[in-house]
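Following this message is one structure expressed as structure tokens.
For clarity, chains are labelled A, B, C and D in written order, and residue numbers in each chain start from 1.
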Amino acid sequence: MATKAKIGVLGASGYTGADLVRLLLRHPRAEIVLLTADRSAGKEMREVYPQFSPYELPRLVALDSVDWKAAALDLAFCALPHATTQKVIKDLLAKAPATKVVDLSADFRLHDTSAYAKWYGHEHHAAELQKEAVYGLVEVHRRDIKKARLVANPGCYTTCAQLPLVPLIENKAIDLDEIVIDAKSGMTGAGRAAKESMLFSEVSEGFHAYGVGHHRHMAELDQEFSLAAGRPVTVTFTPHLVPMNRGILSTIYVRGKRGRTPQDLHEVLLKYYAKEPFVHVLPFGETPQTRHIRGSNMTFIGVANDRIEGRAIIISALDNLVKGASGQAMQNMNLVLGYPETMGLEQVALFP
Amino acid sequence: MATKAKIGVLGASGYTGADLVRLLLRHPRAEIVLLTADRSAGKEMREVYPQFSPYELPRLVALDSVDWKAAALDLAFCALPHATTQKVIKDLLAKAPATKVVDLSADFRLHDTSAYAKWYGHEHHAAELQKEAVYGLVEVHRRDIKKARLVANPGCYTTCAQLPLVPLIENKAIDLDEIVIDAKSGMTGAGRAAKESMLFSEVSEGFHAYGVGHHRHMAELDQEFSLAAGRPVTVTFTPHLVPMNRGILSTIYVRGKRGRTPQDLHEVLLKYYAKEPFVHVLPFGETPQTRHIRGSNMTFIGVANDRIEGRAIIISALDNLVKGASGQAMQNMNLVLGYPETMGLEQVALFP
Amino acid sequence: MATKAKIGVLGASGYTGADLVRLLLRHPRAEIVLLTADRSAGKEMREVYPQFSPYELPRLVALDSVDWKAAALDLAFCALPHATTQKVIKDLLAKAPATKVVDLSADFRLHDTSAYAKWYGHEHHAAELQKEAVYGLVEVHRRDIKKARLVANPGCYTTCAQLPLVPLIENKAIDLDEIVIDAKSGMTGAGRAAKESMLFSEVSEGFHAYGVGHHRHMAELDQEFSLAAGRPVTVTFTPHLVPMNRGILSTIYVRGKRGRTPQDLHEVLLKYYAKEPFVHVLPFGETPQTRHIRGSNMTFIGVANDRIEGRAIIISALDNLVKGASGQAMQNMNLVLGYPETMGLEQVALFP
Amino acid sequence: MATKAKIGVLGASGYTGADLVRLLLRHPRAEIVLLTADRSAGKEMREVYPQFSPYELPRLVALDSVDWKAAALDLAFCALPHATTQKVIKDLLAKAPATKVVDLSADFRLHDTSAYAKWYGHEHHAAELQKEAVYGLVEVHRRDIKKARLVANPGCYTTCAQLPLVPLIENKAIDLDEIVIDAKSGMTGAGRAAKESMLFSEVSEGFHAYGVGHHRHMAELDQEFSLAAGRPVTVTFTPHLVPMNRGILSTIYVRGKRGRTPQDLHEVLLKYYAKEPFVHVLPFGETPQTRHIRGSNMTFIGVANDRIEGRAIIISALDNLVKGASGQAMQNMNLVLGYPETMGLEQVALFP
């Protein structure tokens, strides 16, 4: 029997933590040996997530109580709040340099220290690591990820926007100054914090935009789109909340460059993703629904004609907790540990 | 005591029919004397909508069985399917020329007979009436509506898009060639027909676009925007379905013309709607949620800066069954019958 | 024009507070002159409930800052948390003895000081008022309410259980030792407090019971059922949470006494509620749905045969925020102030 | 590599069909070689369920076009409507006697031909097979199932009620004449047929009972409870619909016999299910939520004290499409084909 990697999940009481545990329990080469959760330290995982009642899992411990060297983790998933993360990973890697880290926070996604300071309002606490970290959008940066010690797992909104747009930008297929991304997310993207605005009665039976004009995810989009384009790109991006749990759908309005038709854009995407296990480009004119990727690591992308000539409407959909967080994190883990990329990620979407 | 107008609701078993009955039951100058519903003819209204059990209402009858002359309606609301409508209203007005009609279908919204034929694939069956009909967007066409015999009540999507855009177009405040309308609707907009795609398990817990690139509502937008602009205007419009019952939210991307800032656009809207009872412009930077207008005849509009200079994000929200259908129809009824415009429409939104 | 009563809402930022404001804004004889909300003091009502943006309302103030004598309220609705309530009302009535009070908390529902101490774990802080208070289940205690200064508005679960059961118990029509009440409530019954267990993602797409075997509402049921029976009655009661906003449905299992059939029980209820405006007994064999009373002050009751002879299944449904809280409170207000009982409560249910 | 069994799914376009395909795609010893769906014959599975787009599956064919002998299936899952089923299976087993069948309809669940005729209103079309069929509640009838050719997969409501009650009845631990089962189901239990009563707007944001007093599932409960008791048992059972997709929760009211306390009942269940992989008994006093078993084959059972001495409240929860249908069917398949019972059924619940 193949040996199993020793895995820790830091921040196991959040939704991304829970989804990591769900996936890891069924990964044939992973063993969960550490679960941390500060406010719930001392509890069993089943007390914070009763769905794990039938399974044996380590008891939740406080982050401060962990001896990183003794823990000797092969890999740590870090699902902690922004800012805390920087200090924890710096400390962890100092004490256990052989441990690999896949970080699900936004802390290591921006390579540019000044961009970080601008968007987050303070200097980065681990500037060295900020430079070392590899941006973990697998389909774009696979090679670098395989060699990485620290992977910055992309955000959910940005994964959903980058997968359809990066190939088009790289191929100089679309006008860079007229990109509008109208994004809609399920509620788990907002996490498990007890806030009035996230109560059932505040969220169900209604729809609204938020962070209009100034959402932090834009920094990540700016970085990656500019990288793909070879020059600065600024897009319009509006996030909305849908009364559902899982899923992000992005409706993207673009104009083809130099006569590229929507069909041409579709061709670019088909070719780019021909061999990718987790990105599926629908036949031209078909557009995806979030429910058909729920619980799976899939991204579905559709391209259709706008009725205004030369313009296309591109729609992408993924599960924000899987391909948008924990699933992509496991995909990164597989690359970093040298496992087959799809291992433990074969779940078919749960619909209905 | 003031006399009450004799009102008929043709197509009372659909959702807009039910919402008309809900509003009419509380209108002090209206009396429901006729309810038609072909498939449910012979039933009591409480059998198709149990919420009406405590109220006395006429029994549902088949449309064919109605003697329009004898009925002597003061006003008929027509909430019938497309195409059927044309023939019914033609017949009704021929036999009872004194009856006023507010039609909630799309049949009389397009003035141009050739535009109608193009979008609907056949000649109009009542071309004369098509010309006579007044387009019932009250805030824009109030004067004409007061004198009308036949009012074409606007569509829900188009009302939600026109209320924020018509004033900006009329004031030449925005670029006409870059308007993107990303619209999201609750499920009641799709009606009560038993279709697989509208089942609870097909709709809940997910999100998707539909009719991408070719939705019929576009004809109505083209007509009204072009009228406001004095030249042809073609917008990009994508409808989506939200797992909720009532509400439409439109996220609209525009560019200010000749140096107009988003604040300038906000000013235009504030001024235009200063005295309107059913359109409320939020303070600059605030954007609306559908839940806060649920069940009421209100439209909320917000304007915010896009981060790209010169571009604004405008968001409008209304209840598709009220301001988007039955409420606006009653507003039209009030104008046509000479009642105070807000009569029977004072309900405060039901939230939570 | 008739004068308007000066009304205060203490605790206006909760859901019952908001629903009181919704109803009061449309009551022809009420004027909202005071709104309190401690944590939101200084804010406009529109900031905590944007649906009120179009309406003029007094700014929210802190409870401590109110001078009850100067306020000279005709009536105060008290929608404050348990325990706080006792002290506030004691103080209010000491300083403004002419003000009437309708209290929506549980504080004055139990007449027996020892029962109160047992269920709530401490002595009552206003024992005198506890005795004075009249239990505000209008259909049962209407006469006493008309003369009351302090009305204890019943709980939502208990209203839904009492309306079908009290007439049957009073008429000695059912076995008192085999009553099982399986109750299901929407989420607004849990209030607006920011708790993890009430987040959208914890509540949607699932169903569960809570407080199994020991819910506080039982004290209120014990008191009223025992009063109706003339001897102690203890029922089995299990509350559940439904992923919806408004509505309670109680499925009640009873056995007819001395040969009473389910039809006999139906007859008792039909007769008892023949003239009641807000309790509607459905034809025998039909059972209600919560959606058909949403937003209205109606209670629907249905009676059906169990397949076990002699046993009946009774189902009652109401909107927990209206007949279960704010609507019944306004009904009490109308009685106390001598207004027609249905004034301001005529809204038809909002379905769909 | 182990050989794979050749599997057919008859009725693949329904929700149980889709869930079978979801599970079979990940079963290491199963290969889907046949999918039938009459109305969708000729379509690809991805056209009726887009979540299967990335997978290779046989095209849907009409039932009539299948040559059972040539198909040489190792096992057929039959997810067809009631009555059709009898004829299809009779024909299939006549032509391909070596094929095993797991039937998900109600057609073979009743052993008694007269009970069948009484509840379904006509004679059974395959009386011989009705006698041969083994009732597939694995935890109770495992031995017989292993030897069966035709397994009648239990209903979802009845599985949820039997798992907690059969051990208590077998152990003579509860009073047999006072059992009340108040059951609540998600919408997928009603299937994918396009009915008005199942539209999103008819089902969301509300709650109701249906089939009060006369639901067909009772026949199945009567049979199995009477078998366990050794004498006729009739229970009270009321089904309700919850606005959610997956999940059944049963709240069961029982009285302990001969001094058995709720803790005693809990002990009986703990012992009975100690080694079962798919039934998990929670610690005494804890009760389950449907969301924590969503998408998995688990059943969670909790036992708590009623406040009336001697009475207990038992709550069980399962996913109606998995343990209540397709998962249990695969569990039966594993037994019939000699595979490990849990193979392909290891998915952890998807929450949130």
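Quick note on the criterion: a residue touches a chain if its C-beta (ideal position, glycine included) is under 8 Å from a C-beta of that chain, and two chains touch if they have at least 3 such contacts.
The shown structure was predicted, so the numbers you read here are calculated from the model rather than taken from an experiment.
Chain pairs C-D and B-C differ in how many C-beta pairs are in contact, and the one with more is C-D. Ranked by how far their CA centres sit from the centre of chain A, the chains are topped by C. Chain B and chain D have Cα centroids separated by 46 Å.
Chain centres here are Cα averages; for chain B and chain C they lie 36 Å apart. Look at where the CA atoms of chain C average out and do the same for chain D: the two points lie 40 Å apart.
Counting partner chains per residue, chain D shows two or more touched chains at residues 15, 188, 201-202, 204-205, 243-246, 288-289, 291-292, 294, 351-352. Residues 15, 187-188, 192-196, 198-205, 243-245 of chain D are the ones touching chain B in the complex.
Interface of chain B with chain C (complex): residues 15, 18, 22, 25-26, 49-55, 188, 204-205, 245-246, 280, 282, 288-289, 291-296, 298, 300, 321, 346-352.
Taken together, the chain A residues at the contact with chain B in this complex read 178, 180, 182, 184, 186, 201-202, 204-210, 212-214, 218, 234, 236, 238, 240, 242-247, 249, 251, 253, 285, 287-292, 294, 302, 304-308, 311, 313, 315, 317, 351-352.
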